């Protein structure tokens, strides 16, 4: 966390944040499943000003063969920012940051995906950040999990992600870009809502043990909110008549 | 095309170009077949101040094997500028421009080469630009086609290439470096003279539909001139006694 | 050799060098065998201010398989400088200098290693320059040869390396960093002491034919000094009770 | 592509019919949404049939190229995102993607669409760089045209910041203005399949074509760039036909672009 | 790892025993030698059990990052030398090594250990860059903590040259001073194996763990960075336990670091 | 190489005969054409037997290396073009090509052939860079010597532009002058095959040699650089022999170079 000097009031006397939200209020979230024609599964998410597309291919053959596993399928994830997604044009080559995020997202999804049903194959998850606004890894994960379901990949549970954080010594839900830059801490969380497992957890910024536990609690609530929207997106695609 | 302001007179009142040529006159062209010892076939061309060497290996085995095709041979082409071939020393790594030109040259040669006779193999064509002076891709193609013939690769037809273009609102043959920089349009053409097929065509610069058709016609005439020189080069190697 | 103007007195009127050594005196050398836990064999050397670690793995399988040789084992060597080993932080990517040195070191070790006993396998030698002070390639070679022996790889002979050189028109043993920068010539030598073969020889700097022969002679004496220390290091590990 | 489908496509073309029911010279529907990436300086999403592309524009100060200090910089790229088709691989672009990017770039560049002479902050020191990056989201053939329309639409609706050259180099000023443009280039791609020339080949047609040509025209109805591709050739007559199709098709497509960016 | 060993590890853990005899929350011995690379600006060798790491510090003038001209630069890297384990490959770092380097870097960076605001030679022009490069010599699990301790010890004992900004840029002055530091971050790594949480997993435990978490605390006993890894998840209760272990273990480890650097 | 040929070469050498009829210490014919690339600042084509190399020189202003602001830059490279031999692969240079380039570079550099102190445009700011790029067109062994002769001949006949340091950096002046040179380095390569030492090994000999040595001498008849290669060793006596051959051969080769560049 930058913890930079700034004139920005991150939390006013009424407990209202710089973008008008309450401390436990996530940004506007819109998820749509099945948006691509070629991909086996796909989803588009707008999470605040984040705009992210996820596409899934698989289970499919692995090339080269020695990368495959005779006992189970493998999950491969790519988190990628398109050149115009950030303030300064991004170089197309994958950055170390993108490689690390791809890994933690994969590890967040693996417990949910029944890869053991598809030995020797791969499931590929591609996440494209079209516009970034803080919290891209959580939003990308949310879209990826919906895209996996849309692809018909058997899953033990959904994976739902949302960040908690700390600004003005207060634990908040869903850190936006300004809060990430000027706030005290950012803690992205991914959660399997039925299995009650936290599958991604990172933290940048300083907090006490008590705040740490509080942050996890608040983050889980945010994940549950996201979970409802993920289910709704899938239902809207598969049971459109039931949605009104 | 740059279309830059310049004091250079590209075409004078007598229809004479900046290097003294008439509008339909190509630069001096010299082709020699069989100039290398190790290559299966080779040719050296001087086309104006362009100096280009082409060498051919194959048909030969493909590594890695999965790049080969059980139904036909494959043609691989590399157009490459040596570091000292251009005004500012060229970085040795292949540029995007070189990769694109290698592809269009390959597609210009493929219709002429009887690759179906050599399934699972590759024919490799290497073109080295030793000195560049505008029109390198056409000159490289001319040398490559002679080198293929010199290698004894069965061909349906020769491939002959020459650019047409536009300077001072006039369609001209064989654009040189100055005309390419300061002129209005450059249109490289490759042509199979017996099958009457245009196998490479590109254009940079503005022209009307009428000029476009004229340009193709002029370019084909240039290709026919080149074709005679290609045949002569092969004859000089294989039937030297008949040449005087 | 730089041959730079310098105020440094490389050799004083008493034949004493800039670091207090006599012309035929090597720097302080300390070798320890078997310093790593995972490696099959290892050695650590301090040669003047050089600090170098060598580790050996093998004989082991080769991936990809087509790199292996059905008739013999292969030796692979990597000479590598860690980022903090030199005055200006080194970029982690292997430099052309490192690649060349890796090759000459491999060729210096190959005559000594009985690779023919392990067809289809590889022996990997990794040399890590932790702190550099002139003469790293010789010191790395010395450690590598001890690590090979420590790994139990059958060897025809030890390989011992030391540089000779020329400062103030005098042939000296074991060129240090200052002498390398300001002196007249540096000649790294590797030597198989029992087979009496010179397996690495390089020279930067100007000398007469006579000096060249003298330099080789002086270098061989240095290699013999190193050889005694290499044997001692192995004995200290394997027969510690005999050392006092 | 299986031989059955290929043969079906070619048979239909003998009767001047296409596998998706279009006439030979007919384009698929073109749908254009602009400003889809509000944080970029300009953007557009184009759907050409089932091919879908987003182009985003980034405008930022840059050093001029060494020999053209009196001109701004325009760079157009294209990338097939791996979610756009099962065969797309991650990693450095292959030769087809490089060709795609360079042909789209040249079509716009050679039309002189952007007046680069107006993009100079300080001659030889600092100029405006305009990056038009195309990302392909879904592939159904003819990306040359889809990317070109996306880039052109994004350029036409881009808002350029202003810089003045101060002590510490280019300094951002208040206000935004449109990019200075002179013409609207329109890319048109024709394929030769079984002796027939068809416009706007879809992915099935792309897979079985003999040769293709992409011709870009400007608002004056002149040709400003072209690129032949594919493993076969064209006769001069066929090329004349392609030129005519290009000029005839481009008018209506240019109107579609103009309508989309005026919304 | 063979199933036999894996099962043995898990069975032992059911009885709260570990394969190397440690208690669940017990760290292996930590041995630290500082100034092992005298020519570097700072250095330390750490042995954590049989894992062995050297960190070397290089301090040199650098251009500031464009948006933070009032701060120096700190970059921490980590590299597994190929002699450290038979499976390590040469070549560009894989995702695990990239994660290792980034987690070690973030733990130190987010603790604000080095006061980067004191590392400015001339605002926006020239700052001091501090590079802490970890090289792993021998691998026996838990490199996150081993590299963190090596980097922290090297930073604490580093001697920084001084530069003044003159006509030709930064000019080296006489004298050396310590790096300005504010806190001592301590990294602690816990693994979840067969439902048990263990501290400081060795390589056998690393190979059969379900999930792991690395928590860095500062001298105030607050958490300043963390990273979960592995193919499985944690419950909130398990995470609370990990947080407690981290805070409880870090005090003693911090004392070990302080003792080592004061020698 | 098949064993039959290898055995034949070795058998012949026992009788002090070579497979191509040469005497043991005899070089193949050396043919040199200068100025073959007129647009380069200097160039030469060398044929050594059937090995053929072109070296082109580019001379352009450059930033000096940080620690040697009072010297110009000389860089010599070598590249095996894929048309030179069926086994050459495109892509980054392998270790053999890197060694070739570095040995040719060092031979010329260590002879101080080019007086780099005369190539300073403005101390610490701008110097003249001389790039000597060798491209191998046809391979028949002993590229060390062929590339060295090509680079040396190209340097000796190069025409250097002149620059003055003005407001906007180095400014090109009228006129050309020769590069300032002090000596003519001559590279000589010997191979040890079956116990015999031969000069200028051709490709067959290259394939079956035990070891090789490249010794560069300057116009004074002193040795200024050397490199041993190959999987076997030399005795000190053999090295003495190689040194003698080098000094004895280089005189005549130096005359050949001088004659070629004076044409």
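Observations
Letters are used for the chains, namely A, B, C, D, E and F, taken in the order the chains are written, and counting of residues starts over at 1 for each.
Here, a residue touches a chain if its C-beta (ideal position, glycine included) is under 8 Å from a C-beta of that chain, and two chains touch if they have at least 3 such contacts.
Just so you know, these numbers come straight off a predicted model, no measurement behind them.
Listed by label, the chains touching subunit B and subunit D alike form an empty list. The greatest centre-to-centre distance from subunit F, using averaged C-alpha positions, is reached by A.
Ranked by how far their CA centres sit from the centre of subunit C, the chains are topped by D. In terms of their C-alpha centroids, the spacing between subunit C and subunit F amounts to 27 Å. Chain geometry summary: the mean Cα position of subunit A and that of subunit B are 52 Å apart. Here the CA centre of subunit D is 49 Å from the CA centre of subunit E.
The geometric centre of subunit C is 32 Å away from that of subunit E, both derived from CA atoms. Residue positions of subunit D in touch with at least two other chains are not found. The touch graph of these protein chains is a ring, one cycle where each chain has exactly two neighbours. Traced around the ring of touching chains, beginning at subunit A and stepping first to subunit D, the chains run A, D, B, F, C, E.
Within the complex formed with subunit E, the subunit C residues making contact are 36-39, 42, 49, 51, 53-57, 60, 78, 80, 82-85, 87-89, 92, 124, 126, 128, 130-131, 133.
The touching residues of subunit E, when paired with subunit C in their complex, are 37-40, 43, 50, 52, 54, 56-58, 60, 77, 79, 81-86, 90, 131, 133, 135, 137-140. If you check the complex, the residues on subunit B that touch subunit D are 1, 3, 96-97, 99-100, 102-104, 107, 110-111, 192, 195-209, 212-213, 216-217, 220. On the subunit E side of its complex with subunit A, the touching residues are 95-96, 98-99, 101-102, 106, 110-112, 213, 218, 221-236, 239-240, 243-244, 247.
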